[in-house]
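This is the structure I want to talk about, given as structure tokens.
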Amino acid sequence: MNETVTLREAIAALVNDGDTVALEGFTHLIPFAAAHEIVRQEKKDLTLVRMTPDLVYDQMIGMGAAKKLVFSWGGNPGVGSLHRFRDAVERGWPRALELEEHSHAGMANRYSAGASNLPFAVLRGYVGTDLPKVTPTIEPIACPFTGEELTAVPALNPDVAVIHAQQADRKGNVLLWGITGIQKEAALSAKRVIVTVEEVVDAFEEHTFGIVLPSVAVDAVCAVPQGAYPSYAHGYYARSNAFYEAWDPVGRDREKFRGWMERHVLGVEDFAEHLRSIRREGAMG
Amino acid sequence: MNETVTLREAIAALVNDGDTVALEGFTHLIPFAAAHEIVRQEKKDLTLVRMTPDLVYDQMIGMGAAKKLVFSWGGNPGVGSLHRFRDAVERGWPRALELEEHSHAGMANRYSAGASNLPFAVLRGYVGTDLPKVTPTIEPIACPFTGEELTAVPALNPDVAVIHAQQADRKGNVLLWGITGIQKEAALSAKRVIVTVEEVVDAFEEHTFGIVLPSVAVDAVCAVPQGAYPSYAHGYYARSNAFYEAWDPVGRDREKFRGWMERHVLGVEDFAEHLRSIRREGAMG
Amino acid sequence: MTEGEGRGYTADEMMTVAASRELNDGAVCFVGIGLPSQAANLARLTHAPECVLIYESGTIGAKPEVLPLSIGDGELAEHADSVVSVPEIFNYWLQAGRVDVGFLGAAQIDRFGNLNTTVVGSYGGRRCACRGGGCPEIAASAREVIIMLRHSPRAFVDELAFVTSVGHRHGGDSRRELGYAGAGPAVTITDLGVLRPDLETKELTLTALHPGSTVEEAREATGWELRVAEELGTTEPPTEEELRVLRDLKSRTEAARKETKA
Amino acid sequence: MTEGEGRGYTADEMMTVAASRELNDGAVCFVGIGLPSQAANLARLTHAPECVLIYESGTIGAKPEVLPLSIGDGELAEHADSVVSVPEIFNYWLQAGRVDVGFLGAAQIDRFGNLNTTVVGSYGGRRCACRGGGCPEIAASAREVIIMLRHSPRAFVDELAFVTSVGHRHGGDSRRELGYAGAGPAVTITDLGVLRPDLETKELTLTALHPGSTVEEAREATGWELRVAEELGTTEPPTEEELRVLRDLKSRTEAARKETKA
């Protein structure tokens, strides 16, 4: 049902202006290459969904690709704030950004409900916090058997989910392992699915019991080695903590940020050239 | 939090008369050894829970251990009916058996809700079928966001869950692989958990990514080689289809059944002796 | 399972071959055990090598060398593309609408393709389930349903003893009110012929006979007054290739069973 | 992080050591990133080798050699007993009540142990979350909560800018009405001392000071009128072993970071 295509083709064919797009990967396997390609193709008015926005959305938001963010924790892990995200929220630069904030548990269950074709999920949470004051998509729900009151949140069904994985086989089955976070649910909740992978192999090693996303659940597979850099791909390369630290001063300044993105993202052909470009400059990672 | 004990000790300590007990394993890894030990210890008035009752519950029901069965499909797979189950339901022999019937999807979601500490689960199903006419634990529920009507079923939280797995390590972590069915949810939904395993190993092979049930989620681990016979343990032994076929005439007749159970279950010390006993007779598997 | 008058194949073989042809290559198919599993694997080994067979035990893309006796045989996991938990197969695959075809058998069927897979006993005068229906959600959520069962008055009944799985309910648009995503039964294959729902009323209508079967036989084997299409077709007999592959599959299966017995 | 007047350890080291001692051996602990992760791993490497550390990325029984910078570092998965999906860690572990201790940091705390971990900005005059709170469910569902944060008037505030995680709510029994399984904050460890909730009112009460700290310092660093226990204890200073293990852990962590930079 899917074919191996270039990332450029996949983003052009499957991501439209105005789409709700989820790029997932919980610290591990964050699809940076796909984010850059979305920026390069100047996709607009996106509703971005992601549990932990991280640098990947700081870059997209800073380039004005998003009109809304649905999330549960936004920060540069271990370093500090996401300055582009904050600038968009507080000062509307380069454009205003609407927020829908949930908890991690809420986001995880929203994806699960979406993957299950249910309109909502039920959990214990939110009550007593200030979240329901700023987030309208939280409702009480009573158990029909015990009468106990719990919390309902609506399902997430993005137009497009993008994840990065270690491997695909020739048929387009996708294999990921290590910390697998919310990727399976994000992919299965979406109408269209793009997967970038470290490599395409003839066959997976037998009985690894990693998560396999069967090819019928995937619309496009794109081989993009190191496509999760500066995050990591278990078994392939480590997280570049140095990049995350070096991002702070870049993201803090509008001009520096624009310059960096123009040089290393807009001004390159693809992610391989992006990696050469930042390494040539020696500033990061 | 758990220790390696004999199965006899585990059943004696953790299963009480009147308990709700779930022995799970979806065709694969059915905990026959534990079922026999429950029968040998003459546990009474149990509410038995299991998606696919199979021979394991035919034997327990035929010995009068159960007052109620919560299930979704009862049969001898590929062979026919469970005659002891049917005799209990239709003629109350050796005692009456109350039934609570759900669908597979309903049972799976009931366990998931139980494992999640939620009082109910939501799914699409049941409407239009005759199940709600015979099963009271099915209620409509409306989505608080869309108004759409769905079906709610109550959580399952057995007093005891029993599963069979391939391996435990010295710390009591449990590893299972192959078709893993509903075992994780059944174990995590229960108040107490007993796991029989093929073998205890020093350490698991690295990065198999099978399902690991951490030791804190397990109350007792018991080494019982071939403890899932006549079902199978992936990587250890195949299913004895011959046993399943040979069970039909045994289960069909009250006297034959009692005689078989007395000779091969009540009259033996443990599961190892049970296996020797049926093999000596050469009638099965 | 007697040979059909010198035609060189049995009525059951014709039924299995005809059913297998209904499965398109590339389709995601949720497979019931028994006859549907036989037909689905025949399709996979002939014209539909890229169909994705799902069994309720959680195996996706199963490629069994021999036919499984139970829904969770190790054979199904061994070469599957993915093996997932039972909640996942029902929630993320079936309920999510990822299944193109539900391939089902049944004990009983009525004129609207509603199914009874529940063996019903009686206790204290009350009817009760003695086997359980398993997964009515297949008929509910699969985009369409293919049904296979042998034609007999005990199977084709005026009123089901128990409605396990909803077909076209009371006919017409009545299924739609239930809110299920799937369109319901598209075709029913028996050992005598092929039945498809009428476009308007959704009543099962005999649209084709297998070679050698007659309308009278079908009428006699149906517990209600069977509708027959004006243009009644005849099923293409099994090809040599279809018969060879089906018989190989069955003899491999037999051999494997004897092996585990020995 | 200055050395405490010739005592041979810093106030942060005292805080980390004091917090680590609160974690019992064998406890299942849901660990926040940063200071709590440091203290929990110190406990694991000293008196609590059998504690089970859970990180929200889905790692159960994590045994990192070096401290993770983020909640999902590969280091956490490498030696874990089990790695599960994010829905599973929140539903089957945290919400299910399998977590004995939630070990949390915060940007702000109030007198009832309610926490703000949401960085709050303002946009169009409206207060809004600029970082998000992540997982309020830890404080809700863990059987008890250990909190760690540095004592300052910006952190210990009369009114939180945002209630991310519920502690003892408005005090007294008011938390119970929310229906959460967990009992709420059991102890708060700062760089000055230890605060425990009053048994009745649940207001945070200074119950011990670290060596060299004074009640006045604690009062000045608290944005409300701080209650002080009648019998005020003094924290045992770090043992040589505790300091050695903590410093080894931190230097291993530093070395590993430099390595990936190179």
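Order of writing sets the chain letters: A, B, C and D. Residues in each chain are counted from 1.
Convention: contacts are C-beta pairs under 8 Å (C-beta built on N, C-alpha and C of every residue); 3 or more make two chains touch, one makes a residue touch a chain.
Which chain is which protein? Per UniProt: A, B = CoA transferase subunit A; C, D = CoA-transferase subunit beta.
Since the model is a prediction, treat every value here as computed from it, not as a measurement.
> Give the chains in contact with both chain B and chain C, ordered by label.
Chains in contact with chain B as well as chain C: A.
> Chains touching chain B and chain D alike, please list them.
A
> Quick check for the class: compute each chain's Cα centroid; which one is farthest from the centroid of chain D?
Computed centres place C farthest from chain D.
> Applying the document's contact definition, name the chain pair with more C-beta pairs in contact, A-C or A-D.
More C-beta contacts join the chains of A-D.
> At what distance in angstrom does the C-alpha mean of chain C lie from that of chain A?
For chain A versus chain C, the centre distance works out to 41 Å.
> From the mean C-alpha coordinate of chain A to that of chain D, what's the distance rounded to whole Å?
Comparing mean C-alpha positions, chain D is 28 Å from chain A.
> How many angstrom between the C-alpha centroids of chain D and chain C?
Using C-alpha averages as centres, the distance is 58 Å.
> Can you list the chain C residues in contact with two or more other chains?
Correct list: 83, 91, 95, 181.
> For chain B, what residues touch not just one other chain but two or more?
Within chain B, residues 112, 116-118, 123-124, 148, 184-185, 209 contact more than one other chain.
> Between the chains shown, work out who touches whom and classify the graph as line, ring, star, complete or other.
other
> Applying that definition of touch, give me each pair of chains that meets it.
A-B, A-C, A-D, B-C, B-D
> Applying the document's contact rule, which stretches of chain D touch chain B when the two form their complex?
Those residues of chain D that touch chain B are 26, 28, 52, 60-61, 81-83, 91-92, 95-98, 181.
> Taking the complex as given, what residues does chain A use to touch chain C?
That would be residues 1, 112, 115-118, 171, 173, 184-185, 188, 209, 212-217 of chain A.
> State the interface residues of chain A toward chain D in the complex, per the touch definition above.
Residue positions touching the partner: 26-28, 51, 71-75, 77-79, 81-82, 85-86, 89-92, 99, 101, 103-105, 108-109, 111-112, 123-131, 134, 148-149, 178-182, 184-185, 232, 234, 238-242, 244.
> Give every residue of chain A touching chain B within the complex, in rising order.
That would be residues 116-120, 122-124, 137, 139-141, 143-146, 148, 150, 152, 154, 177, 207-210 of chain A.
> Which residues of chain C touch chain B in the complex?
On the chain C side, the touching residues are 33-34, 56-59, 69-74, 76-77, 83, 85-87, 90-91, 94-95, 118-119, 121-123, 127-137, 140-141, 162-166, 169, 175, 178-181, 257, 260-261.
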